[in-house]
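Presented sequentially are two complexes of subunit A, the first with subunit B as partner and the second with subunit C.
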Partner chain A sequence: MAANASVPRRQRRGFGPAVPALVLLALFFVIPVVSLLLRSILEPEFGLQNYAELFATSTYARVLYNTFLVAFVVTAVSLLLGYPVAWLLAIMPQRYANLVLAIILVSMWTNLLARTYAWMVLLQRTGLINTTLMKLGLISEPLALVKNLTGVTIGMTYIMLPFIILPLYASIRAIDPTTLQAAALCGAGRWQAFRRVLLPLSAPGAAAGGLMVFVMSLGYFVTPALLGSASQMMLAEMIAQLVQSLLNWGLGSAAAFILLTVTLALYAVQIRFFGGMR
Partner chain B sequence: MLLTYRHLGGLGVALWAVTILVCLFLLVPIVFIAALSFGSSQWLVFPPPSWTLRWYRELAADPRWLEAALTSAKVGLLSAALAVLLALMASFALVRGRFRGRGLLRALFLTPMVLPVIVFAVAIYALFLRVGLNGTLVGFVLAHTVLAFPFAVIPIVNSLEGFDKSIEDAAVLCGASPLQAKLKITLPAIRIGLFSAAVFAFLISWDEVVVAIFMASPDLQTLPVRIWGALRQDLSPVIAAASTILVAFTLLVMAAAALLRRRISR
Partner chain C sequence: MTPAFLSIRDLRQTYGSFVAVDDVSLEIPEGEFLTFLGPSGSGKSTTLYALAGFNEPTSGDILLKGASILATPSHKRNIGMVFQRYTLFPHLNVRENVAFPLRVRGQAEREIAARVDQMLALVQLDAFADRMPGNLSGGQQQRVALARALAYDPPVLLMDEPLSALDKKLREEIQIEIRRIHRETGVTILYVTHDQEEALRLSDRIAVFNRGRIEQVGSGRDLYHNPATRFVAGFIGDSNFLDTAEVAVSGDRGRVVFPDGTAMGDLPVHRSAPGGGATAAQVMVRPQSLRLAAAGLPVRVLDVTFLGDTSTVQFRTGWGQEIWMRAGAEEIAGLSPDATAHLGWTAGESHLFV
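Take a look at the complex of A and B:
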């Protein structure tokens, strides 16, 4: 018993310096987020009516569908485009690799609004892409590339590509090239070696990057708000609108809770199967 | 031979083609914006009919842009300072503490990084509505410190883990007080981690837009909020000029950081 009493004291050793940060996060992170989520079952009255309304109203259900659709397409396209880049990046001579990596990092660190603005201008009816396609005679009418989900998908793929390429690059670099020589010696053709050796060995990197991009896309606000339209909203915009314009905190909090739950669940999957993030 | 560069053959051509396309895709919009900011066309015709500094002059003539840039710098510096200070202390607890729930604490400290920003933005907006901190410098700094905190913790924890504590203990044995030993031995030894933490924390705040949109008032706006507001009105080339300055500044900070890091790591 006496030994037990001394245990808690020892178990707090070195905890002190964490207190200021803990206070900051408790006051300005944990408490606000938890009280926001509580509002989803407390406003306007106690119960789950906000969640029922979210899933039963076709407009809101449509937003959920849009969000998952865009996140899925963005992830798939980023993987398809990012895989060859990561692959070549992992084996190309170092001086080229440095250049490609520099381009990726510069694009990643360029202000999000600046990049989104660039796509707003490039994709508009009189933008460079439409005028070029019309000059080439490929189309006769300008395409509607912006103020819809096409624009959102292009803009988000642009932003997410580095987040696919970098983890994939790391995981392909870690593969021992002799495993592929062994596959060739055993008579595997290129396609077979790719499908049965390279692809499975790089799958964890692809899955980790893909999951991260999917999760980030689900909660994205800026790009969908600027490149999308009010009639084809995504979840984050809907939350902002419910809270800021419609002052419907109950419904907005319920939508935030759904986003939060899906995000944390997917991160839990990632940590469980691919062991942490970095 | 799929992982041997010299033996790729025709496949290498295909991979290079995709890589070059992706690099262009990543680079063109940034170059495009910079070019438009010097172009004379009000309607953002590309290539521009002629070159001009007009949009930069308009930017400089409007005091609201300058004010926004100053606010951004102030918020960024204060949040970075606060985040680094708290992260430094917290890192000592995370690396050297022996207490139950250390893993949990580490997870909590990194959560602001993975939580969808919109959820945090709405939550902190609701709290600040109640206590009257929306549209204030204090509000901005507190919110951005929370967001920047994980990005300050990671490099400091990493460098502290790489530091041999017995050197600090030796200083104490030689008569230094524990605080003295930390200030004179440990802090200089982990300076690269501290430096990265400060740069990351500043850039997180400098580029942050979602929380800032909720927090801003007409009188107090950061640069990204100002750009956001302008973007919702029209696509004027003045925004291209503002974006170019923002991007140039970020690249400058990164380049300076890389140079300094090389110097202090010697």
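Take a look at the complex of A and C:
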């Protein structure tokens, strides 16, 4: 008993250094989130009318749909593109892997606006991609690659890719290469070894990266604002508009709270099946 | 000459200027249990990996039933392997691990189930079919790995120090099991180990590796009684190497004079392979071949150690070399440290390496 009782006491003592951060979190995260929830059900009067309006009004419902669609496509494409890169990183000699990782990190650390504007230059009607394709005679009219969801998806996939590659690389590196040699001798070619061994063993990394990308995409503001259009808005833009232009705090809070709920639900699913972020 | 079941011909593997495997050749009949024995870095695992297809030999060839397998990728070689590390798929239970090679081959569900049952019975793990690898002991994991490697009936089974992570008692238990499985399945086994006792216990033949070369191939008895080189003599069994002052060789017998002037004749002569290390002639004699004699090599007793069934005695020769003898308690009853004695042995039981 004495031994058991001493454990929580030691843990309680361990909280000490964390107190400032916890106070900060309580003041500037927990309280605002709670007030957000209250505003969404209290303004203009008590009830769930804000939530009802979001789902019932076709414009708002459309924005929710766009947001989830873009987040889903960005996550899926990032996973498809990220797997081969993570795999190559894991098997290439360490000094080359370090070089590629450095390139990925530098691209992550480059200013977000600069990167987004660069995509605008590439994707616009008279941009590099359209003029090249037209010169090659592959298209006769410029493709609409920007100021719509296509542009948003392309730009966001590029920005999110590192968030898939890094956790995936970590979980692929944790797999003993001898296990894959064993799979090969058992008769598994590249595809079978990937599908039956590498994929299930790297699934926690893919889930962690995928969740992070999906959640970040749901609330992303800059790229949709620059590469998207007002007619195909995403949720973060809509919340900004509701609060800043329309001063409708009730509706804006409800939209923000939906985003938070979905995020927490996804995180719960990930913890349940993959044991959380590792 | 018809080619053997499995032939390794002039296999050579270099990494830059380092020669890992140096012209290794072996002919292996079907059903044989052949062990590659040698210290770490002697090229035994590299040779095995060439068979598995994990590294591409610099030159040479490997033929299975007369056809080269070097151009065939690992996953099409149909060779079984048990690794030193635990390589069960951690996300699959025991049954699915053993079924893995059969599923990859697209076999029917019923065939797979029957074969997996048969394999688990072979390694006596029927009761563990639904366990995950993480819940098995090291010995059980290696037995499952063995079942998985044999499930697709490979012509050759490679084993790369599969028991080195296990404790001695468990190792001996599984060695007995491996022998039984070899008898029951008749599969050709190539086994890598650095443990001479394991090699002697398991093998039909042993190939002793040193510095990328095979020093000698033969049965355990051959290697012990007729070591071809100093290295083999030193590696298999216990041994004393005595320096010599003069050597006279005629035919396959030799006569030596030790540095203290003691002479001995009629010793079987072995000529070391080129590059075999030390060049001065030495006489090798096993500790249990030594006897106390009325006349012979004069020595001084350094220490006597009682070990139950036997005792060992440490001596120093007149020229300062230490040698030791293993004998029954009665034979050495009169010996105590600092006493002097004379050692003799049957000439045919010792070997002169020149």
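Methods note: the second predicted complex is superposed on the first by the 247 of 278 C-alpha atoms of A that agree within 3 Å, B and C clash if a C-alpha of one lies under 4 Å from a C-alpha of the other, contacts with A are read in each partner's own complex, and residues count from 1 in each chain.
In this text, a residue touches a chain if its C-beta (ideal position, glycine included) is under 8 Å from a C-beta of that chain, and two chains touch if they have at least 3 such contacts.
Source: prediction; values computed, not measured.
Q: Name the contact category of A:142: first (subunit B only), second (subunit C only), both, or neither.
A: Neither partner.
Q: With the two complexes superposed on chain A, say which partner A:118 touches: subunit B (first), subunit C (second), both, or neither.
A: first
Q: Give the label of whichever partner, subunit B or subunit C, reaches more residues of subunit A.
A: The partner with more contacted residues on subunit A is B.
Q: So in the superposed three-chain picture, is A:192 touching just subunit B, just subunit C, both, or none of them (first/second/both/neither)?
A: In the superposition, A:192 contacts subunit C only.
Q: So, does A:200 touch the first partner subunit B, the second partner subunit C, both, or neither?
A: After superposing on A, A:200 lies in contact with subunit C but is clear of subunit B.
Q: By the touch definition at the top of the document, which applies to A:259: first (subunit B), second (subunit C), both, or neither?
A: first
Q: Touch test for A:88: subunit B only (first), subunit C only (second), both, or neither?
A: first
Q: Regarding the shared-chain residue A:184, is it in contact with subunit B (first), subunit C (second), both, or neither?
A: both
Q: Identify the residues of subunit A that lie in both the subunit B contact region and the subunit C contact region.
A: Residues 181, 184, 193, 197, which sit in both footprints.
Q: Within the complex, which stretch of subunit A touches subunit B?
A: Touching subunit B: residues 10-18, 20-22, 24-25, 28-33, 35-36, 39, 81-82, 84-85, 87-93, 100, 103-104, 106-107, 109-122, 124, 126, 128, 158, 161-162, 165, 172, 175, 177, 180-181, 184, 190, 193-194, 197-198, 215, 218-219, 221-222, 226, 236, 239-240, 243-244, 249, 252-253, 256, 259-260, 263-264, 267, 277 of subunit A.
Q: For the complex, which residues does subunit A have touching subunit C?
A: 176, 178-179, 181-189, 192-193, 196-197, 200-201
Q: Considering only the defined contacts, which subunit B positions touch subunit A in the complex?
A: Residues 1-5, 8, 11-12, 14-16, 18-19, 22-23, 25-27, 29-30, 32-33, 36, 43-44, 46, 86-87, 89-90, 92-94, 96-100, 105, 108-109, 111-112, 114-127, 142-143, 145-146, 149, 203, 207, 209-210, 214, 224, 227-228, 231-232, 235, 239-240, 243-244, 246-247, 250-251, 254 of subunit B touch subunit A in their complex.
Q: Which positions of subunit C touch subunit A when the two form their complex?
A: 52-54, 73-81, 83, 85, 87, 89-91, 100-101, 103-105, 145, 148-149, 152
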